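Here chain A shows up in two complexes: once beside chain B, once beside chain C.
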Partner chain A sequence: MESRDRKKRIKRRLYHALLWIISLVFFSPILWMLICSFKTKDEILTIPPKWIFTPTLQNYIGLFHRINFTRELINSTFMSLSAVLIAVLVSFLAAYSFSRFKPKGTDLIMFILLSMRMVPAAAVVVPIYLLYAATGWKGTYSGMILFYAMFSIPFSVWILKGFIDGVSPRFDETAIVNGGSRMHIIFKVVLPQVRPGLIAAFIFNIIFVWNEFLFNYIIGGKRTITVPVGLAQGFTVGGGIQWEFVATLTAFYSLPLIIFIFFFQKYLLVGMTFGTVRGEV
Partner chain B sequence: MSEVKVVNLTKKFGRFTALDGIDFSFPAGKVTCLLGPSGCGKTTLLRIISGLETPTEGKVFFGDKDVTGLPPRKRNIGMVFQYPVVYRGISVRKNIELPLLKRGLSETERRERVDRVLSLMNLKDYAELDSSQLDNVARQKVSVARAVAYQPDIILFDEPMTNIDANSKIQFKHAFKELTRQLNQVIVYVTHDQTEAMTLADQIALMKDGKIVQCNDPRTLYNVPEDVFGGWFLGNPGMNFVKERCEKKGSTYIIVSRLLKRPLKIDAPKMDAEVTLGIRPEHIWLSDVPGSDAVEAMVKDKTLTIGGQYLYTLEVGGEKIKVKVGHHFGRAIGNTKVWVELPLRHLVIFDGSERRIHGDLSLQ
Partner chain C sequence: MDASSAMGPGDAGFLTRFREKFLFLENPKYLQHLLLVPVLIFFIVWNVIPLLWLVGLSFYKYVLVTGEPLKFIGLTNFKEIFGSFEIWHALSNTFFFVIIGTLSQTVLGIILGFLFWDSKDLPGRRFALTLIFTPMILAPLATGSFFKLIYDPVFGIVNYFLKSIAGVTIDFLGSTAWALPSVLIVDTWMWTPFMMMMTLAALGSVPKAELEAAEVENLSWYRRLVHVVLPHGKFILMLGILLRTIDAFKSMDIIFTMTGGGPGNATELIGITLYRQAFNAFTMGKASALAIIALLIAISFTSIYLYILQKKEESM
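So, the complex of A and B:
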């Protein structure tokens, strides 16, 4: 009896050790990036890698001395936040309508919406470039924000519809009977109950917009440049690859997202299941 | 508040007719139960009264006022659904107060009203709890309290006990009874559960296929159903029905039944050739010795049912009937041969179109 218990315990420990190893393997590039951001350029390129070194903040100081970096950072923050907020609001209203009014062909529309996410970005970049060039939206903030919002909406509608379907229409009807307006129902009755879904949609979209490179590179301009594009343009300046710059910039840029997701990771899970896994969050 | 009246109310969903020209009025100060099987239109009728659905034809009156075209919020109604609607993240008190905020009542008035319904529904201890801490029965009580605090002219209940477990149902029924005794509004209660209807209603409107077939107090509805459907739907099991022939002899009609020792004379102006005799299983007299007016029957099956009663399936002259008897007697008669007698005061006769025939019965 006792030996079986011990066997079980050992098995469990082994299993946990395995999980740790796998996690570390996946985490190693990030760790490498973090370590490199505190090394000098020469230390980064040493073979075999130097594990013991005097950390330096010089790279980070250098980062902020680069022209444009502050602008890139402000652009990234401003554009991702506003695009995602617009997307979540629009998607929430759309999802509410699909869920409650069930217009003819809802299933088909929902499918078409999701299929937009299946088109590879590279396939649409040229048409969108032509469109933006023709309308004069290229390189404008509103153009970029609307583009990102448009790109984020389909998936958010999917997530949110699942959540709103889970809120009984009886809530709506109770409010109607008690004299509530439609806006009251949407924002005061339904919204508080799908908050996990809204946060999940927000996280999914912010990850995408925050890291988006291709479209900003093609349809953005000097004014709307974001950090990922700045990285691509800056890492070969001065001949050769500026590894300390790449490491520092990516480490610094990933940090807010990593912290954010660390605190909201439970919502990431409910989002991936489209609100079908109930559980209190 | 005076009555709620519906006139020639018809509702069609595509080709399906949910309500078929209903004329009915719901009196104030009484609990009217709409009872019927699933899909009979009872919920649709309730939703039309509330204004959540619009009728295809017909009108709805609250008192003398035609409200057919009014949106729900202008009808001054309270509604409680199957699903307990309780807003999460706010206290029970806030939940009840919520609709009152829109009406521009003073804070003291709001407080008074909320306190009153809290004590009415026995919810005082829950007042400051968050609604997520409540069980289903307490949640549903909060929904009821909210509807009542609003002081509507009409309170509508749509199967409010469906999501409450069996033990708490008694608790909820008790609270509901206590509450309705003190209200003077029109109360409409939809259910498919006959026990609920029997215990809670002042009058039951029995529905079938989009029509109200009968409306009476529970006892009358149970004992003398006006329609075969009522006899079948109510009771557990429902009435026994036996089809028999009816002949005219002189000025009276005579039914010779396999269940009766002597011919049955019925004093009615007009009779169909084929009639149906109905009697409830618990009204049949069962005996293990022959009696003067009893007919012989064979025991086919015997099961123990609710309350220790025995349910016998008997065969009488080729007809199968069910008889319910008390525990002691039911256990005592175990043999295959018994005698049954149908007391005339419990016997109901239906015509060819399954409506009840009113007329005095006697044995020849």
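So, the complex of A and C:
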């Protein structure tokens, strides 16, 4: 009996080891990049690869000495936060209306909203570019933030409508009977109950805006440049690709998102399926 | 309850009047539309107007930089697109990319999902899952540029191993034969975790009682899959596959950095073609026509998605 138990335990250990190996295999390219970010330029390009080396922080220091990097970073942070916050707020109001009052055309608008997000970015950027060039919004902060907000609205509405549908209208009715105003119901009764939906919408859209490249490249300007665009433009300065720059920037820029998904792992599924699939992961 | 009743009658005057003036908004008849106003403004300014513009432009010859006046040419743009070898080539590349990519991600993702299904007691599970999920949240542009180094024929680590094991060097991104498969491998690496996540969700939707019954009856894994898991989880899996299809169809950033569509047009997907038409050749009319075709494809994908979603909700 005892040996059977032992066997079972060892099997379990092996199974756990396998899962960890798989996780590390998936992470290995990123790990390689992380290692490279602590190497000097010559060490990165040494073949066979140098497995043992003295780590240097020089690349990270150099990153902040680049002209524009601080600006790019501030832009990325400021624009993604404000765009997503605007989007989540207006989407929440719309989702409440769609969920509770079901105005005429709800299904159609929900459908078109979703379709717009399924179109290849290059197809969306053509008319937006023309619009922005004609109105002078090209390269302005408000133009970029509102555009990103627009891009975050469809999934936010979908995610939040799903969550509000899950809150029983009884709550609303009770509040009305007790003399609560609609604003009170929306912000004090419903909002706290859909917090997971708000977080999911926030996480999913911030991942998108934070990483976005094409739109900023086309309809942004010098002033509104973000880190991904800076990366695309900076990576071949002075002949040859600057690998230490690519590695360091990627490692640094990805860190906030990695921390995000560590803490908010359970919202990732809801976010990436815009609320249509929920469950434990 | 009421904020104004807590204050003295004097200073509440303005507030009360203000409130009364807008009291009609409490009426659902007005409120339902008022709540939609911000989203509708976004929708009209950034979706409807550009869309109409797009449709209009697709019937014109419009080259951005030459300053040539717009010229109405009817359906010529569409005819040119359907007659263009380049675009058919890009479309076939896209379908290859979408089908092979989605297929391998689905198969691998399902395998991984099943492996991780029983892992609730894995030490450091959250950390391990974060490691797995990281590829899909990195900026595609950054991933793409970094894989350029990994794939590099001289300095890349893949070629280092290849050379020490098999004694050959392959210029992955520079050869016509290898470029598309190499990009596909990166795409699969990025998105297999997504299908794994969907598989876990699908497995999670199977009632515990049925899983236990299958355990008691000692069903083979194949019969468990077909008779227990699939009836409950198939719609979630289908939604996952469809989302991957749509996303792969949209792929752009990653290819943009890794190959730029090249060498030649070996990795040219429809998104890249569209980009080149609009911002390298500046033929906005033709790009608009192509964008409309892409839009129609996207709308049909969305319809299928919603159809399956409806089925899923009916079955629950």
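A few points about this structure:
We adopt the following convention: the second predicted complex is superposed on the first by the 249 of 281 C-alpha atoms of A that agree within 3 Å, B and C clash if a C-alpha of one lies under 4 Å from a C-alpha of the other, contacts with A are read in each partner's own complex, and residues count from 1 in each chain.
As a working rule, a residue touches a chain if its C-beta (ideal position, glycine included) is under 8 Å from a C-beta of that chain, and two chains touch if they have at least 3 such contacts.
All values reported here derive from a predicted model rather than from experimental measurement.
By the touch criterion stated above, A:Gly136 is placed in contact with neither chain B nor chain C. After overlaying the two complexes on the shared chain, residue contacts for A:Pro228 are found with chain C alone; chain B is out of touch.
By the touch criterion defined above, A:Pro192 lies against chain B but remains apart from chain C after alignment on the C-alpha atoms of chain A. Of the two partner chains, chain C is the only one touched by A:Met33; chain B is not. More residues of chain A are touched by C (comparison of chain B with chain C). Once the two complexes are overlaid on the shared chain, A:Leu19 sits against chain C while remaining clear of chain B. With both structures placed on the common chain, the touch criterion links A:Glu173 to chain B but leaves chain C unconnected. Once chain A of one complex is fitted onto chain A of the other, the partner contacts of A:Ser115 are limited to chain C, with no touch recorded for chain B.
Of the residues of chain A, those at positions 178-180, 280 touch chain B in one of the two structures and chain C in the other. Interface residues of chain B, counted against chain A in their complex, comprise 50-52, 71-73, 75, 77-79, 81-83, 85, 87-89, 98-99, 102-103, 132, 143, 146, 150.
Against chain C, in their complex, chain A makes its touches with residues 12, 15-16, 18-20, 22-24, 26-27, 29-30, 32-33, 36, 44-45, 47-49, 90-91, 93-94, 96-98, 100-101, 103, 109, 111-116, 118-131, 146-147, 149-150, 153, 157, 178-182, 207, 210-211, 213-214, 218, 228, 231-232, 235, 241, 243, 246-247, 249-250, 253-254, 257-258, 260-262, 265, 268-269, 272-273, 276-281. Taken in their complex, chain A has these residues touching chain B: 168, 170-171, 173-174, 176-180, 189, 192-193, 280. Contact residues on chain C toward chain A in their complex (touch as defined above): 1-2, 25-26, 28, 31-33, 35-36, 38-39, 42-43, 45-47, 49-51, 53-54, 57, 112, 115-116, 118-119, 121-124, 126-135, 137-143, 145-150, 154-155, 157, 160, 164, 189, 192-194, 197-198, 200-201, 204-205, 236, 239-240, 243, 246, 249-250, 252-253, 256-257, 270-272, 274-275, 278-279, 284, 287-288, 290-292, 294-295, 298-299, 301-303, 305-306, 309, 312.
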